[in-house]
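Next up, some structures in structure tokens.
Next, two complexes with chain A in common: one pairs it with chain B, the other with chain C.
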Partner chain A sequence: MPEFFQFLVSGLTIGAVYALVALGFTLVYNASDVVNFAQGEFVMLGGMVTVFVHAAGVPLPLAALVAVIVSVVLGLSLYWLAIAPARGASAVSLIIITIGASILLRGAAQIVFDKQFHKLPAFSGDTPVQMLGAAVQPQSFWVIGGTAVMVLLLYVFLERTLLGKAVLATSANRFAARLVGINTTTIMALAFGGSAAIGGVAGILITPITLTSYDVGTLLALKGFAAAMLGGMGNPLGAVAGGLLLGLLEAFGAGYISSTYKDAFAFIVILAVLFAAPQGLFGRRTIERV
Partner chain B sequence: MTCHSHFKSLAIAAAIALPLSGLSIYSPALAQQTVKIGSVLSVTGPASFLGEPEDKTLRMYVDKINAAGGVAGKKIELVIYDDGGDANKARTFATRLIEDDKVVAMVGGSTTGTTMAMVPVFEEAQVPFISLAGAIEVVDPVRKFIFKTPHTDKMACEKIFENLKQRNFTKIAMISGTDGFGASMRAQCVKVAPTYGVQIIAEETYGPRDSDMTAQLTKIKGVAGVQAVVNPGFGQGPAIVTRNYAQLGMSATPLYQSHGVASKSFIELAGPAAEGVRLPAAALLVGDKLPDGDPQKKVVVDYKQTFEATAKQPVSTFGGHAYDGLYIMVEAMKRANSTDAKKVRDEIEKTKGFVGTGGIVTMSPTDHLGLDLSAFRMLEVKGGDWTLLPPGT
Partner chain C sequence: MLEISNLRSRYGRIEVLKGISLDVQTGEVVALIGSNGAGKTTLLHALSGVQPISDGQVTFLGERIDGLPAHRRVARGILQSPEGRQIFGPLTVEDNLRLGAYLRRDKDIAEDRDRIFGMFPILAEKRNQIAGGLSGGQQQMLAIGRALMGKPKLLLLDEPSLGLSPLLVDQILAAIVSLRALGMTVLLVEQNAMAALEIADRGYVIETGHIVHAGPASQLLSDPKVKAAYLGLE
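Take a look at the complex of A and B:
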């Protein structure tokens, strides 16, 4: 039985990491129907900027703040310099632009920082906490807690504020949103800035566990994207559920089936779910009115 | 303008031009009194941690050799191409080195993939090629014109198992990365384990980019009778394995890492969890800790100082492989007193007692690597630093 709990804890920890990344996709997708493939790069920036600013002698909380600001600035620049000029283009073209941006950011990070792996100290020490026979890293609580807080904030923002409603309206029909007086350009910029901030915070929280380097964004974005699809693209709760589920699948797959096939196992389950429910577990059903 | 600074400016110009166009720049006037050594390295791309220090090392030491008068009365002209880790590009550049640049010798090939793609080109052109790639396939079977300097993963397995045998451990578990390095070393370890009376009773793997290995380690923890755990792997994976290992309270069972993580950054990344971890590594990493009588001491300390002073980054074994390759080549040219490709090849094969950063090299017609197990030193992490394990412990 302690084995079961250890697998559970491993799954939840790694799942929370995926959930945090998946969450970043939500906001931009909600505002523009664009899947921002540069999302992983903001996660990388959050971690790398914190590492380097911290290494330069700045205290960790301040370094983290700098990292979030850098992410937001780059997120906004991504919108103003690349997405906004192509505003008439289809969602597919915009997605391709974000892929280009992610390659650019990764290349730039390779030059500005370096190609080594880096770590951050865990926020509350490295001594594992024993729970039901399983050893848990204290940083796991930070990741899980951070995810919970961000989901809550995002949920409240989207569902309870006028600005959040404007985001949803922009997503539903950009033209109609503009007709009722919503400045869709500002909303889109807000979404890119906000999701960059979420990515940055995610990067800071997970770096003590996952370590970071200029190219961690690629795989995290892939796993986060899979998690977001599994949970239902655009729903913050779905992103979290998808992330946790993916993490648990991997951990239990590695633990009870075979570590060699754990990724295959996880992706087979995702495929099966998407066959049964193409919108994901918590996805909005799209209704086309004729 | 002295010849030295002329070369330097050329090198800088080439360094700027290479990544952009992949073209080399050299002045035809120089070609007469120079000996051309070619190189194809993975300076950028996923294997840049190999190619970058190799590139810096070659440039640094060719400058040095030229400043001291060159080889066989000629200055060395270095032609370096960057394959970005792509085997197809490497092959194209190899052909260009032979056909356009007409090099007399080659020191390069950062990865096993790029090296194997270039091997046929140099075999056909009968130009000696000293590879900097890890795998045993490069020199096994022996090919007439192909040599290599880095120790192999098979040797690393043997060194680890030798240590296990000394501690009377017979039952071990393995957790390996599924990347090229981890998979290849795992296969070699499985192959040589019976020779050392070692039984692998549990085996797990992890993806090269996984960020949590507690599930796999928990499984190993549940297997009764595991006396030690061996982790063939590379990059950040082994650091995470080491951290998870400590997190799960498994530190009472000795953990062995491979030479793939033998760099200071491993200790930094794994932190206090790395205490007590053992691994085989080249002498270069513990140069200052070697006893004064050690034959390699002078070479490795000199190389480390030169590299760190010029490149402003910590020394790695990979750059050391390039150093060894360049000097084996240059000394063969000196002995042959010629830059004729075939004469140089014969002299490389006769290399005897060459003291390099990777070990003491004695080649023969049947051994184009020339290293034995003494090339590896067994290290243990103590107090956040490497310590040399005295033999027999």
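Take a look at the complex of A and C:
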């Protein structure tokens, strides 16, 4: 039983990060139909910028803020410099653009930073907390709690503000959104900036546990994408559920079956989903009467 | 209020509007009739700025608007209720109406919403329901209501009666008549030419991208050529 709880906590912790990456995918996909494979690079940037700014003597909270700002600026640049000029291109072209952007960001990080692994100090110490026989790192609470706060903020924004509703309207029907006066270009830029911020925060939260380096983005993007697919692409709650589920699958799979295949579980899941239920567990069911 | 001169628009290599000129005066209801594929919807899209034009001018309230993006035209008071409703399906009825007033910053939004609820009481009843679950007629009312929420100076209505039962068609037409009584300027696109001309002041007949007839609605209603081609009368 203690090991069950141990796996549960580590699954939820890593799952929370997948959930944030999946949320980033969802936000961009909803607003613009683009699957942004550079999403993982924002997680990398969040961690790496915080590490280097912190190492330069800036206090951790401030360094984290700088990292989020850098992520947002790069997210907006990705939209304005690469996605917006290609407006009207096919989905495949846009996906290739985002893959190109992710390679570029990774390469730039390698030059600007370095190729080493880096660690951040845990936000509230490294002394494990004993819970139900398991030793839980305090940083896990930061990751899970931070994710909960991000999800809540996003929910309030989408459901309670006019701008958030404009995002929902744009994802529901972009043509009609333009007819009511929504500047859909701004909404798409907002989605890219917002998803970059979410990715950056995820990177900051998880770096004390998993370490970071210039190339952690690729695998995170694939896992986050798998989570988004699992939950049903385009559904924010599905993204969160898919992320947590994927994290749990990995943790229990690694714990009870074999840790060698830890990363394979995500991809077995994505294949199974694509075969059995392409719309995902909570896929959008469009009801439209004619 | 609105003057269009020599407007041309194309989808790829196919020219759909081949030099359209028409005008709409303040307070008028102008009907644009014609068969499927004549270019009626394309014209409304071009006016709303969601369809590029290749030539010609559009002047609204004395200013050129043909270079403006869609949201700027909404800000100037050109609102459209598009063909096929195009409501925001996953959002509630109330949210759909609120988004219709997206660019407005004044304090009368709630009051205007209540006026639309008065006009279409069924929408008030279903205000918290998901718009995608409404019937076709209710969605049409919502689409018109959403356009009205933008405080239009010029209201573009694209096929408001398409696919509705005769009873609902009458209800929608009555709503347009009551809007006219309130002084609303309307450009109405309809395949149901008879109904459109009956409530319009003037009409234009569009055929394969050209205006082929124009005149007071009563005159078009009695024009033998229009009768034969669009009204199903000999």
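Heads up, the rule we're going with is that the second predicted complex is superposed on the first by the 267 of 290 C-alpha atoms of A that agree within 3 Å, B and C clash if a C-alpha of one lies under 4 Å from a C-alpha of the other, contacts with A are read in each partner's own complex, and residues count from 1 in each chain.
The rule we apply is simple: contacts are C-beta pairs under 8 Å (C-beta built on N, C-alpha and C of every residue); 3 or more make two chains touch, one makes a residue touch a chain.
Predicted, not measured: the structure shown is a model, and the values here were computed from it.
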- Could you look at A:178 and tell me whether it touches chain B, chain C, both or neither (first, second, both, neither)? second
- Between chain B and chain C, pick out the one touching the greater number of residues of chain A. B
- Partner chain(s) touched by A:275 [first = chain B, second = chain C, both, neither]: neither
- Considering only touches as defined above, state whether A:7 meets chain B (first), chain C (second), both or neither. first
- After superposition on the shared chain, which partner residues are touched by A:128: those of chain B (first), chain C (second), both, or neither? first
- Message: Which stretch or stretches of chain B touch chain A in the complex?
- Response: 48-49, 52, 178, 204-207, 209, 211-212, 214-216, 218-219, 222, 235-236, 239-240, 243, 247-249, 265, 268-269, 271-273
- Item | Of chain A, residues touching chain B in the complex | 3, 6-7, 9-11, 13-14, 17, 115-119, 126, 128, 135, 137, 206, 209-211, 213, 216, 219, 250-252, 254-255, 259-260, 262-263
- Message: Taking the touch rule as given, give the residues of chain C at its contact with chain A in the complex, in rising order.
- Response: 48-50, 69-71, 74-75, 79-80, 82, 84, 86-91, 95, 98-100, 102-103, 130, 132-136, 139, 146-147, 150, 163
- Task: Over in the complex, which chain A residues touch chain C? Could you list them?
- Result: 162, 165-166, 168-169, 172-173, 175-183, 286-290
